[in-house]
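The following pair of complexes shares a single chain, chain A, combined with chain B in the former and chain C in the latter.
Let's turn to the complex of A and B:
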């Protein structure tokens, strides 16, 4: 089905893209409106909750190192129940892809291409998605690796350029809103980053494993999480909790403040470029998971012929998935639970079934 | 064959997808706005925009005519007003380069939040321009004054505010994002600088006026507007504004004077100033402690004080400390008595130190604020006496 193989370094790079993903722009507003000036603590707490989940996902995938979750669902739960769970996952991948696409469309039409129809932007992204998935996992991983130095450079540039605008007093008072608010914020920072990583269950089987694979994966998770934490911190330091929670794209508003000696300014596009890059890789991996999973569930010989129809499906879905940005914000609170179900509840259940069945098998 | 088809396909795709000129706007189709003024009457907004005329700003070609044009329109909402401007302006109004936003007193009394909403919501504008309140004059007239040093008046306002902010304590510059931040911060009300016509001449200034050396009409900053929530409720005097700026730690450099024993003046150049606010509890009630550190040089000595004597300098420092304390105290007391709104952000200081206590205080903060106890600690140092020591007057007598 998938003949390509990726190295563990490529895996780490993809994981970093995946964790930062769309959250580079969206997470700061969410956590900061929940936890105010303590949003950065929420970010750290999210990493503490999310890292073990990511680790669990990896361990879980090692039960059947050569199979994707769609394949071992059936093996563990049988044809019908397993098929049902697989369908649930496929639906999740599809909707998540469409959501990500819509996020990109919404951002670009709000901030940059204000008069361009959102469909035009979706169309361009879908063309790339279809092309990318047709080329296979190896091509995706390699292009991720190619863009990575640029990504890191722009990311660091953003920090260096914004540092003069940072003010520590914006973080005061620490813990002013209490633990409850911080926990609320950490719900966003742990699910939308680490829990959505469950897509990794679809391509871990194609990683050439070595002794360092697990370590590389966990380092990738950690770096991605740290990047997310620091972007929340940076947003807070630069524009403070009040502004950050009222802007739709708080990080972008912070990046607009870049001003080095009244000379280097209006370069917030570097953030937009970075965001598009990481969102693109997150989207394409989710889309890939959907296509590959569908082909595996229905026992097709290849998933590639599905990518064009899949792209068409996305084109409609991305447009129809929310009526407007307000409704989108409303969905967010429910998405947490979906992410958590797919990343932790279902895998844990499968894990227990595995343990139970291997024990009964032994006792027989 | 396959390669050729692929090549053609790629070429077509690139043509269609990468020629990103969907809604392009060329420079010569834009009316670049430098300043916006908003007045209000009978529930209608009067929007005036100052548009730069590129030819006139150009160094070599310009000078024949005014460097800017003002377009105005009336509409029930600002968004409509912006679009309606195209009825008179040949170019589409482009607001990415605004330097100043001038609001009339009526607009400010009615609430500024709704007015700045459109400017923040619109992705084209950036929240880095200054907000001013036109005092005793319509906002529109502020935009109609030509300024000699800077060709574009709104730019002149921007730089004059920028410079005053650095070297003259009574004026504080407020950009729109700071303003929004202050509007949303608990325990803090915003303050905006006021602007007025100095020699109040109602006639429109023409290009001829550029030929005057002392312009018949000039713009000047006067006082600071005090807000409750987003509504203007009054003005602080220059001295109160100065005290306010010391307390808010926005003074970087300014000038002040002390009286010599013989009644003449000695001016100090304040070169560095740093203020910190702290909060502590006294019998369960919050007390604000303001500690200011000021470093100054002697800028001008009219009297015959012997400043070679360290004791005299010591006395001067003590006098300076007393003076600054009075300045801040008067400012705080005036605001507590007259306006009863926390423009100094004392509530925020309490929130930072005692978040739980603040949650209880917050609902009735406007009633609590006038009775808040404020303690001052001032530490002034005179570092330098300039290029000479004792005054020329004294030297003359010694001769």
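Let's turn to the complex of A and C:
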């Protein structure tokens, strides 16, 4: 089915891309609109909640190191119940891919290519996704590794260039909105970043495991989480809570403030490039999970022939997923629960079934 | 039948002509069947998208499943509905 193998380092790189993903632009607005000037505390809390979830996902995957979540379901819950849970996961992967594609389309058509039809953007991205999935997991991981130095450089450049605009007073009053608001903000930062990482359950079996795999994975999770926390903090420091919560792409609005000696200006494209890169890798991994999962559910010998029809499905769903950005704002709250179910509730249930069965076998 | 339908239909046939023969040659009937099902579904949703016909969002499913939980969370966090 999947002959490619990726190294622990490639896994860590993919995890960093995956955690930052689309959240580089989307999360600061969501967190800051919930927690206002305490959004950075929500980000930190999100990391504290999300990191153990990511660790749990890794430990869970070690129960059957050679199987994906779709194969787990069948093994532990049988053909019908397992198949139903697998369909739930496949729907999640497909809709998440379509959602990410739509986010990219919306961002590009509203901020950069304002005259281009959204379907044209979707089409171009889908061609790349289909090409990537047809090339396999190894090619995806290698291209991720190739772009990584550029990604880090641009990310750091954004920070250095924005630091002169930062004002600490924008974080005050600390805890002014109370613990409820901070908790609300941390729900976004923990689920959209760490719970969506449940897609790793589809490609962890293809990682060449060594003594350092778990450590590399957790370092990747930590670095991705820290990057997300720091981007929330930077957005707050540069444009403050009021502006940040009114913008859909608050980080992009902050990046537009870059001005070094009235010479270096309007370099927000740095952020756009980084966002497109990380969103692309998150999208392709979700798409890969959908294709591989479909092939495993229906016991196919290869998932690659499904790439093009899968791409056509995405094209339609990316359009249908939301009528406008207002509806998009509304459905994010439902996504929290969906992410949490796929990352924690269902794996925990499977874990309990596994433990129960192991004990029953031992007692017999 | 509009131009959109013809173009998508033609593209779908071209994809099938390119991808199906190797599957049939290898005797992969199940793969060919799933491929056809996905291609037909993909062609239909693509036509709908290109014609910009409004359809229910695929997010309606999780919305229906999680509505009670969502309302409970709003109550706990005292979030006002916009």
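One rule holds in what follows: the second predicted complex is superposed on the first by the 364 of 364 C-alpha atoms of A that agree within 3 Å, B and C clash if a C-alpha of one lies under 4 Å from a C-alpha of the other, contacts with A are read in each partner's own complex, and residues count from 1 in each chain.
In this section, contacts are C-beta pairs under 8 Å (C-beta built on N, C-alpha and C of every residue); 3 or more make two chains touch, one makes a residue touch a chain.
This structure is a prediction, so every number in the text was calculated from the model and none was measured.
Bringing the complexes onto one copy of chain A puts chain B beside chain C with no clash. When both complexes are overlaid on chain A, the residue A:185 reaches neither chain B nor chain C. In the superposition on chain A, A:242 makes contact with chain B only, while chain C stays out of contact range. Taking the C-alpha centre of chain A as the vertex, the lines to the centres of chain B and chain C open to an angle of 110 degrees, rounded to the nearest 10.
Look at A:320: by the touch rule set out above, it reaches chain C but stays clear of chain B. Judged by the touch definition given at the top, the superposed model places A:308 against chain C, while chain B stays out of reach. Of the two partner chains, chain B is the only one that A:173 touches; chain C does not reach it. Between chain B and chain C, C contacts the larger number of chain A residues. In the superposition on chain A, contact is made by A:120 with chain B only, not with chain C. Our summary of the superposed model lists a minimum C-alpha distance of 13 Å between chain B and chain C. Taken together, the chain B residues at the contact with chain A in this complex read 13, 17, 22-23, 123-124, 126-128, 177, 180-181, 184-185, 351-353, 355.
Listing the residues of chain C that touch chain A in their complex gives 12, 15, 19, 22-23, 28, 30-31, 34-35, 38-39, 41-50, 52, 54-59, 61-63, 65-67, 69-70, 73, 77-79, 82. Within the complex formed with chain B, the residues of chain A that make contact are 110-116, 120, 124, 127, 172-173, 175-178, 239-240, 242-243, 246, 253, 256-257, 259, 266. Taken together, the chain A residues at the contact with chain C in this complex read 34, 91, 94-95, 98-99, 119, 180, 183-184, 187, 294-295, 298-302, 305-306, 308-313, 315-323, 327, 329-331, 333-338.
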